[in-house]
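Shared between the two complexes below is chain A, which pairs with chain B and chain C, respectively.
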Partner chain A sequence: MIELEQITKQYPGQAMPAVDKLFLSIPKGEICVLVGPSGCGKSTILRMINRMIEPTSGIVKINGEDVTRTDPDQLRMGIGYVIQQIGLLPHRTIAENIAIVPRLYKWPKEKIRKRVDELIVMMGLDLEKTRGKYPAQLSGGQMQRVGVARAMAVDPPIMLMDEPFGAVDPIARTHLQDELLRLQKEIKKTIVFVTHDINEAIKMGDRIAIFDAGKLVQFGTPEEILTNPINEFVEDFIGRDRVVKKLNLYLAEDAMQPIGCVVKGNELHNVAQKMKDAGAQVAFLLNDEGKACGQITVSDTEEFGRDIEGLRKRVLRREKAFVQTTTPFPDALSLLLEYDTDYLGILKGEELCGMLSFKGIRKHVYRKEGE
Partner chain B sequence: MKWENFRFALFEKAPEALWEHSLIVVITITLAILISVPLGIFLSRPKFKKFGLVTLNILNLLQAVPGIAVIALALPILGLGMKPAIVALLFQSLLPIVRNTIAGLLGVSSDVKEAASGMGMSQRRILLEVELPLAVPIILSGIRTATVYVVSIGTLASLIGAGGLGNLIMGGLALFRPEYLLVGAGLGALMAIFLDRMINYLEHRITPPGMGAE
Partner chain C sequence: MTLSDFTSFLMKNSKTIMEYSENHFTLVLLAVGISLAIWVPVGLLLTKSDKWAARVLALANTIFCIPSLSMFAILVTIPMFGLGRKSALLALVLYAMMPLIRSVYDGVKNVDRNVIEAARGMGMGTRRILIEILVPLGMPIIFAGFRITVVMTTGIAAIATYIGERNLGRFIQEGLIRSNTPMMVTGALIISVIAIGLDTILGLVEKRIVPKGLRISR
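Let's look at the complex of A and B:
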């Protein structure tokens, strides 16, 4: 756990303190995102945790111990540090770059080699091709993967990340974010993550701390912040599409409804009757192997009536109108709009296990909003 | 031009002159490196940056004095021989190395230094393992400039009895023997070119791939 107690940082020659009497307690094993407009002091706060910057007054405690009691170099060796500019040593190979902190800890060579290999693979890089390369020979996204690997080399319990994905292209950024989240599920580190991008904060944060002009404005889970922005500043910072952003917090399974009706390919002629009997608005078509391959709504049956072939064509056009249980709402909504339908089947692996409706999404979000 | 004079200059006189000249160059440059690189490191540390400009200006001034004047000034103070010549040449070879050491060290990207420091590398380690290796190509380029300079100005050292290729040149002038002149100047030029290419090759060899020349 990291605790900041009445931290103030006053840079010489500036009227306002960069950080003003801040109290903040960052729980263990969570990603805590510090977010705010440029110059709000978020990077300064991050850098006071590993003493890259010393506070003017106040105490930073890690696991209850004042960090100023530790030698700064020793302290930093035990804290992963990732910066936007990455800062790989250009004259060292990738393997040597990752090995920097293990070498500071004087690990035996064999142990370092093994750990480096493990990290290169863990970061999704090609082991043989990457090891001996120099940083300048990698793409920006690959370099930041190495940056993250280097910070995790000795498996430090705390990682500080200062806009780590700010300088990579959007596709690589999404990948890096997803991978960090996936890794975090296993490694459960205490991560302090600085960004100016509220969307990234919502995606990455277990908790979000919003700053303005050196002051903490709101601290809470993404859901709390999106649901109850504390003031106009937070509201503006989140943006007008606050509720749409909230959709990112939910997965298809959160609003899953049971399936009313499934039909086989040879039952299409009486699908209307079956749906009526089951009281269902939608039926899902299973192929011969029992896999879901389409959907029929009540309005389809009314539109096509006896025209079984027309109906079949319509049904099969929605062959891909399915989401996984873990698909976030925005992706599901996109599919709903793409297929011009009110319903999506939810798959767990390959198996149909429920359905998601437009109405269900609306209700789920509204309920959360009302809470 | 007589072939006999030419042969005599090249085979009888040149070996010793070349040896003396090399000695002057190697000693001067070694001393210059030993003084300039630490001085450059010192002047590039944040605490002492303020002395940087003053020192560079003093060295600039030393460099601006014509070589022959420095040699002549060294005579009454330090006497005759190789030692005063080396001291005189040393003054003139410090500037390029100090200047390039400072430039090379300050040119190391602050991101790299920040990352290194953030990982817990001590300032000393950062200097030895990050800053100096990255600055070496630029420092070498300063050494190259200084070396070529010392090779050419070194010919004047014979005026105060230091020997070297200057002996051949001065001898040629005094005796009206253009062959001596030719051999002395020619060997001096070849030596300068050879050392220049050699250090240049070193610079490229130690620059890691992908970092480009310099």
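Let's look at the complex of A and C:
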């Protein structure tokens, strides 16, 4: 756990302190995102944790111990550090770059070699092709992978990341974010992550701390912050599409409803009756193998009446109108709009296990909003 | 002058030529050695303080501007030095100040700040950063300054003949006085060969000493 107690940083010659009497406690094993407009002090805070910057006053504690009691080099060796500009040593190979901190710890050669190989593979890089290369031979995204691998080399419990994915292209950034989240599920590090991008903060953060002019404005889970922005600044910072952003926090299974009615291909002629009996607004069509392959709504049956073939065509056009239990709301909404329907079947693997309705999404978000 | 005049001069004076060449070479070697020992650490030290860097570099520039004949003349008048090797060495070391300090300072200052920041953030100490990062990464610029220093020293060393150094400059000096063309040509030619030779050797050394990763690109 990292605790900042009444931390102030006053740069000489500046009227306002860069960080002003900050209290912040960052729980173990979580990603805590520090976010805010540029100049809000977020990077300064991060850099005070590993003493790259010394606070003017106040105490930084890691696991209850004041960091100023430790030699700064020793302290930093035990904390992973990733910066936007990466800072790979251009005259060292990728393997040598990743080996820097293990070498500082004087690990035996064989142990270093094994760990380096493990990390290169873990970061999704080609082991044989990458080991001996120099940084100048890699793309920006690959370089930052190496940067993250280098920070994780001795498996430090804490990682500090200062806009780590800020300089890579959007596609690589999404990849890197997803991979870090996937990794984090296994490695459970305490990660302090600085960004100016609220979307990245919402995506990456277990907790988000929003800063303005050196002061902590709001600290909470993404859901708390999106649901109850504490003041106008936070509201503005999150943006007018606050609730739309919130959709990212939910998965299809969160608003899953039970299925009212399923029909087989040969039952299309009396689907209207079946739905009426079941009191369902929508029926899902199963093929001969029992797999879901379409949906029929009440309005479809009214529109086509006796025209079974027309109905079948309409139904099969929605062959892909299904989501997985883990699909986030925005993707589900996109499908709803794409197929111009109010319902989607929810699959677990290949099996139909429930349904998601437009109304259900609305209710779910509203309920959370109202809480 | 015919070619045979020249070759007969070489034959008759081979002993003197050897002696002068040796003297010349030793002077250059000593001067470069002392210069490296003094100016490289000074250059590294100056990277710590912009204020002092500006002052010292200004001083080095001023010294560098003094014409070499004037420099020798001034040093000879100082009782401690007088005519001879001491003054010659001091002059050469003073001339080497500018290119060496400048290149070391620029070389180290030009190292990507993010690399240093990352290294510091990983827990590398000041010494380690200097040895493992600043010097190797500054090497292309530092070495360029070193090559210039060596070539320049070889040239200026010839002028030290006026304050009593018995080196290849003497052939040129005396050749001029006596209108002895083969003598002049011998001096001029050997000095040039030494300068070009040293520079070529250093060029080869540079290829080995500049880290591979800096010469490579995607």
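By our rule, the second predicted complex is superposed on the first by the 371 of 371 C-alpha atoms of A that agree within 3 Å, B and C clash if a C-alpha of one lies under 4 Å from a C-alpha of the other, contacts with A are read in each partner's own complex, and residues count from 1 in each chain.
Operating definition for what follows: a contact is a pair of C-beta atoms (placed from the backbone, for glycine too) under 8 Å apart; a residue touches a chain by one contact, two chains touch by 3 or more.
If you're wondering where the values come from, they're calculated on a predicted model, not measured in any experiment.
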(message) Quick check on the chain A-based superposition: chain B and chain C, clash or fit?
(response) clash
(message) I'd like to know which partner A:Gly294 touches here: chain B for first, chain C for second, both or neither.
(response) neither
(message) Tell me the contact category for A:Arg76 with respect to chain B and chain C: first, second, both or neither.
(response) both
(request) Kindly classify A:Pro17 by the partners it touches after superposition: chain B alone (first), chain C alone (second), both, or neither? (result) neither
(message) Quick check on the superposed pair: does A:Gly345 touch chain B, chain C, both, or neither? Answer first, second, both or neither.
(response) neither
(request) Report for A:Ile86: first if it touches chain B alone, second if chain C alone, otherwise both or neither. (result) both
(request) Look at A:Pro229 in the shared chain and tell me whether it touches chain B only, chain C only, both, or neither; answer first, second, both or neither. (result) neither
(request) Return first, second, both or neither, reflecting whether A:Gly360 touches chain B, chain C, both chains, or no partner chain. (result) neither
(message) Residues of chain A that sit at the chain B interface in one complex and at the chain C interface in the other, please.
(response) 50, 52, 73-78, 81, 83, 85-92, 100-101, 104, 134-137, 147, 150-151, 160
(message) Going by the contact rule set out above, which residues of chain A touch chain B in the complex?
(response) 50, 52, 73-78, 81, 83, 85-92, 100-101, 104, 134-137, 147, 150-151, 160
(request) Note which residues of chain B are touching chain A in the complex, please. (result) 109, 111-122, 125, 129-130, 133-134, 208-211
(message) Show me the residue ranges of chain A that touch chain C in the complex, using the header's touch definition.
(response) 50, 52, 72-78, 81, 83, 85-93, 100-101, 104, 134-138, 147, 150-151, 160
(message) Which stretch or stretches of chain C touch chain A in the complex?
(response) 112, 114-125, 132-133, 136-137, 211-214, 216-218
